[in-house]
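Several structures are given next for inspection.
Note that chain A is present in both complexes that follow, paired respectively with chain B and with chain C.
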Partner chain A sequence: MKFFRLIWKNVFRKKTRMVLTTGSIVLVLVLIVVLVSLLNAMEADPSGGRGANRLVVQHATGLASFLPLSQRQRIEQIPGVVAVSPEIWFGGVYKDDRPENFFGQLSADPQIFFDKIFDDAMIDPAANAEWKATRNGFVAGQNLVTKFGWKKGDHVQLRGTYIPVTLDLIYIGKYRAGDESNIFFHNEYLNQSKWFGANRVTGIYYMKVASTQDLPRVAAAIDRMFENSDAPTKTMTEKQFQAQFMEMMGNIKGLIRWISLVILFAVTLIVANTVAMSARERVTEISVMRVLGFRRSHVLSFILSESVLMSLLGGLVGVVLAKFVIIPGMVKGMQTTPMAPFLINFRVTWQVLLAAFGISVGVGVLAGFVPAIRSSQLRIVDGLRQVV
Partner chain B sequence: MSSAGEKEMSDIIVLDHVEKIYHRDALEIPVLKDIALRVPQGEFLALMGPSGSGKTTLLNLIAGIDQPTRGRILVGGVDISTISQTRLAKWRSQTIGFIFQLYNLIPVLTAFENVELPLLLTRLSRAERRRHVETALSIVALSDRMDHYPRQLSGGQEQRVAIARAIVSDPAILVADEPTGDLDAKSAEEILILLKRLNEEFAKTIVVVTHDPKAASRAHRMIHLDKGVLESDELTETGHLRRV
Partner chain C sequence: MAIPLKYNLRNLMVRKVSTGMTVFVICLVVTVFLFVLSLWSGVTRTLSTNASDRNVVTMRVGSQAEMQSVVTRDSADLIRSLPGIERDAGGQPLVSAELLTLVNIPKADGKSTNVQVRGTSSAGMALRPSIRMVEGQMFRPGTNEAIVSKVLPSRIAGVSIGDTLKSGSYRWKIVGYFDASGSAYDSEIWTDVADLQAQSKRPIYSIVYVRATDAESARRYIEAVKGDQRLKLEGKTEKKYFEEQMVTGAPIKVLAILVGVFTAIGASFGAMNTMYAQVSARIREIGTLRAIGFSRRSVLVSFVVEALLLCLIGGILGTALAFVLFNLVITKPTGTMNFRTFSEILFNFRLTPPLVLGGLAFSLAMGFIGGFFPAARAARLKITTALREI
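Let's turn to the complex of A and B:
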């Protein structure tokens, strides 16, 4: 500890260089913390565990194929199934094609949706009852309501894309949940429009089972039940259902890992250059310290400590920025984007903090290693002769 | 007359057939040739000679900064020509105080912190270190400048801080490589007076490399080197008076 002051003062010896180098570490750490936290969020359960006993049934060939509505009754009869709601992703255009007007539009069975399946969402019972009674009514997540400023009774028109109908919906009320980027409207209202699949098919079945222990059995039973039918199913947990959207984007995780490694390598070179420059400029000083009785091991540990300290400072600022500024800002900005379901888990965890700490120390050690060795190996007389 | 053994006991520095050869690629450059020298405890010795004569190399060997190619160097009874670098570093911190021509203070540290540096290697407590540093700075009359950084001091003051750093751990020997070489006449005079005081009041053995005959005249004894050979070894007037 008695050497800390010396190390600290040497780190801040050239302030501009220190700020620029630390700035590069800050940027890299922000980037890594944000990317890793985002990846973690996308892999985590969007319901925060509350949807752990929900299942999603889709066509075995993928989401582009419909399932017959006749399957609903048979699924409901499987022991352990609490409720089943057919759902269709409408994918209509609100106002215009601009991305900021895009949001999730799903049909559901209002009689059971908030009562038995999506029961971790919070909705005013009066609004829920009114929605059930209003065939062309819809409920929306709080974030969407805030974004578009909808008021009760407002008409919202959605122009269909792959379902060629236009829906004229009336806003009833809002719900609060981890994902507030969707609206829900009646299956009946969609079917009333006589589109090609009306009263015949659905996109998925969103359902709940009595307990998490039942999940594998019920999922297997559903898939077995329809495996030789015209519409074989693929049943998965809500978390697995969300994860498949990640898989559609390819090996994002691998890509992010590679990008992170490359930028880490780049920043290690930057820090190494700074430490090497600093050590080179102080050759005489280091030799003077050796004359005073400091050993080679002292010099080695001083240079290494300076490198680690600089890297740690950058890491600390980077993590604080990512945790308290960047990620909250991103969460706010992405509330009504397709990323919304994942935002509830978009935060810096302790594991990420520890990893960031480890990365900072690692960069410092790697960057400082060679300059530290070279400085400690320098002969005193050579160092004293050096003109800097 | 004292025997050789007794003489060795009273001589704090003994160089016995010392040679130093530097190697530059395949080239051998002999810098010191067969140097034999004895410095009694409490002596003030001036090393003189033209550039390249080997003065600084001889000083570095005495201070344990470099090791001889051949021969033996005993300082305070310790053969420093053969001991390991780690032991040599510890020995230096306890035995030698080094004063450089260009002061060589650490620019990011205050005068206090610069003087404290050698004490960081000891087991002294913070309070004890403070006491030692304050004493050293008061000896060089810079108690009022302890919070100043080197850039805030004049050349003479910087050299006095460097002297305080050299004496703070109370070494038996002070070695100085042209300590007045970068100073104006007034500051140089102050430094010479200070060195003289350290020699007389605090019984420090002092070895000074200098080009300046005026500085050398303050010493008890003057040694002239030329091309790595000890050409002359004579007492100064001060030395004669001291002997008398």
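Let's turn to the complex of A and C:
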């Protein structure tokens, strides 16, 4: 530690170089924080892990097929089932066709929805009661409300795509949860429109069982019950249900991971190159230090510490800038791009920031390693003889 | 007078390690940039390949995808009598009423995906001349036979000729492969429309696909559909329909720009570092150059050119790396989700000439940013101080 001042001075010896190197670390870290947070937002587990005892029942052939509503009662009778809500993905168009206005629109049974099934979502009890009583009312995730600036009593029109009706909904209140990209409205209101499946079919059943141990048994019981019916089912945990969308984007996910790795490697090279250049310019100086009695291990730790210190500074600035300046600005700027639907659940968690900071230290160590060893291996006579 | 290019080249050669590392960084950055861009262009190309403006998709007003639409049998019959439709040798209008559905089936890697199933007829094939059978035979009506795109078996389990594909209560016997030359149809399973209606218990159609005699009559047909109050349908050329599906690729483009901008600035900082080091290591050299008569401008140009060279080499290597990657490593088609249909579309990475040029321009931009400021410093040096430097 007594050499800290020396290392510090050496880091700032060439200001331009230092600024440029930390600058590239900052940029890469910000980019990685954005990419990783984007992945997390896509993967958002709506329950944040707490809704482990929820199941989703869909048609065995996939989401394009409807399930008969008559199945609800039979599912409810299975022991261990707490509550079942039919849900329909409306998939309507809000305002215009542009992708940035896309969000999840689901119908549900309000009498049990927040009380018994989606019970880890936080909703004001008064708002929940009002929603139950308002046939054409809807509740929306906090982030979605912020994005569109909805106020209580606002009318929202959704033009149906595969269900050929237009819904005129009234905003009642917001809920908070891991996934805040959806709105929920009454099944009854949708049925009132007399669409072709009204009161006859649903898209999925969203349901809750008493305990985690019941999950496999109940899921198997449901699928067995309807196996030979007109509408065979596929019952999954909520997590598996979400995962099927992620699996389809599987390549994108892997791609982002690869991109992150490659650019990390690239920035390590940039830092390594900088450290090597600065060590090369100081060959004479290093030899003089050795003559004065500093050991090889001293030289090694000086150069390595320099690299780590520089990366650390970059990491610190990068993390702070990412969290407070660049990412908030970027998220705002991208609200009008096709990326917007992915940003609804976009959060920069401290875990990600911490990991990014850790990565910056790793970059410093990796980058400083080779130049540090090379400088420490230098023979004093060669170093003194060399004209730089 | 300009300083010879050879001077820059030899300088780059002398500092092998430093040059090599910088070149490598640029190379990686260019590869990543091309990778993301070609992902976007792959999706776009799939959705625009062979899309014709003579073929018209007739679907329900407001539907964003074929699968979301419903066309009744009566409407389908009415459509046959509308103007603008080409007729075959027997005088029959070239019309294919089709039903679409989505099945969730396992992929070759054990995960599952949604694939679009198109119930059609021999007319559907005749209307799309770019699609042809390459192996096996066409499905026969009334047998629940199906044909799949020839690229599908590499990605989806159990869809080779002879397999029976099961999903829920659906059963299809795969009897042939078709080749849709890389268009969106290459992600689909085709079967007989009446069979699909029976299996799905939906006695309706999703869309009616029509071939017009030419682009002008396609417009006439679209007008006729719009004007017919009984139908409540709208017509779109196949080209327009797929253009609208391209929103699916748009987030990837934003991602490409994001990654591109950040890495480019980061890498040009790296290049700038290298060039600054070059300038300070060569101060006496610069002084000498100025002393023997080269102007400030020549020095400036020379150093910018050196940085451009440095990055261009990286750019060329990066493009080559991307080329090798797309042609030798990633040979199978890749898939991503079409958010309009919730089904998977398959596409190939391919390096198109505009992408190659884009990658090279990208590397030159990094070179210019990275070279200009160090070059300006070099050019500003006073001859006397530069020569005095040890």
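Criterion: the second predicted complex is superposed on the first by the 284 of 388 C-alpha atoms of A that agree within 3 Å, B and C clash if a C-alpha of one lies under 4 Å from a C-alpha of the other, contacts with A are read in each partner's own complex, and residues count from 1 in each chain.
The rule we apply is simple: a residue touches a chain if its C-beta (ideal position, glycine included) is under 8 Å from a C-beta of that chain, and two chains touch if they have at least 3 such contacts.
This is a predicted model, so every value here is computed, not measured.
> In the overlay, answer first, second, both or neither for which of chain B and chain C A:D168 touches.
neither
> Examine A:M334 and indicate which partner it touches, taking first as chain B and second as chain C; both and neither are also allowed.
Touch partner of A:M334: chain C, not chain B.
> State whether A:A276 touches chain B only (first), chain C only (second), both chains, or neither.
In the superposition, A:A276 contacts chain C only.
> Give one of first, second, both or neither to describe whether A:G293 is in contact with chain B, with chain C, with both, or with none.
The first partner, chain B, only.
> In the superposed model, does chain B or chain C contact more residues of chain A?
C
> Touch check for A:F3: first (chain B), second (chain C), both, or neither?
first
> Mind working out whether A:V34 is in touch with chain B, chain C, both or neither, as first, second, both or neither?
Touch partner of A:V34: chain C, not chain B.
> For A:D154, is the partner it touches chain B (first), chain C (second), both, or none of the two (neither)?
A:D154 contacts neither chain B nor chain C.
> Just to be sure I follow: which residues of chain A are touched by chain B in one complex and then by chain C in the other one?
Touching chain B in the first complex and chain C in the second, no residue of chain A appears in both lists.
> Touching chain C in the complex: which residues of chain A?
Those in contact with chain C are residues 14, 16-17, 20-21, 23-24, 27-28, 30-31, 34-35, 59-65, 91, 93, 97-99, 102, 159-162, 164, 196, 230, 232, 234, 244-245, 247-252, 255-256, 259, 262-263, 265-267, 269-270, 272-274, 276-277, 281, 334, 337-339, 341-342, 388.
> Under the touch definition given earlier, write down the residues of chain B that touch chain A in their complex.
It is residues 60, 63, 65-66, 85-86, 89-90, 92-94, 98, 100, 104, 106-109, 113, 117-118, 120-121, 126, 165 of chain B that touch chain A.
> In the complex of these two chains, what residues of chain C are touching chain A?
17-18, 21-22, 24-25, 28-29, 31-32, 35-36, 39, 60-65, 67-70, 101-104, 107, 111-114, 167-170, 200-201, 244, 247, 250-255, 258-259, 262-263, 265-267, 269-270, 272-274, 276-277, 280-281, 334-337, 339, 342, 344
> Quick check on the complex: what are the chain A residues that touch chain B?
Touch list, chain A to chain B: 2-3, 5-6, 9-10, 12-13, 284-285, 288-296, 379-381, 384.
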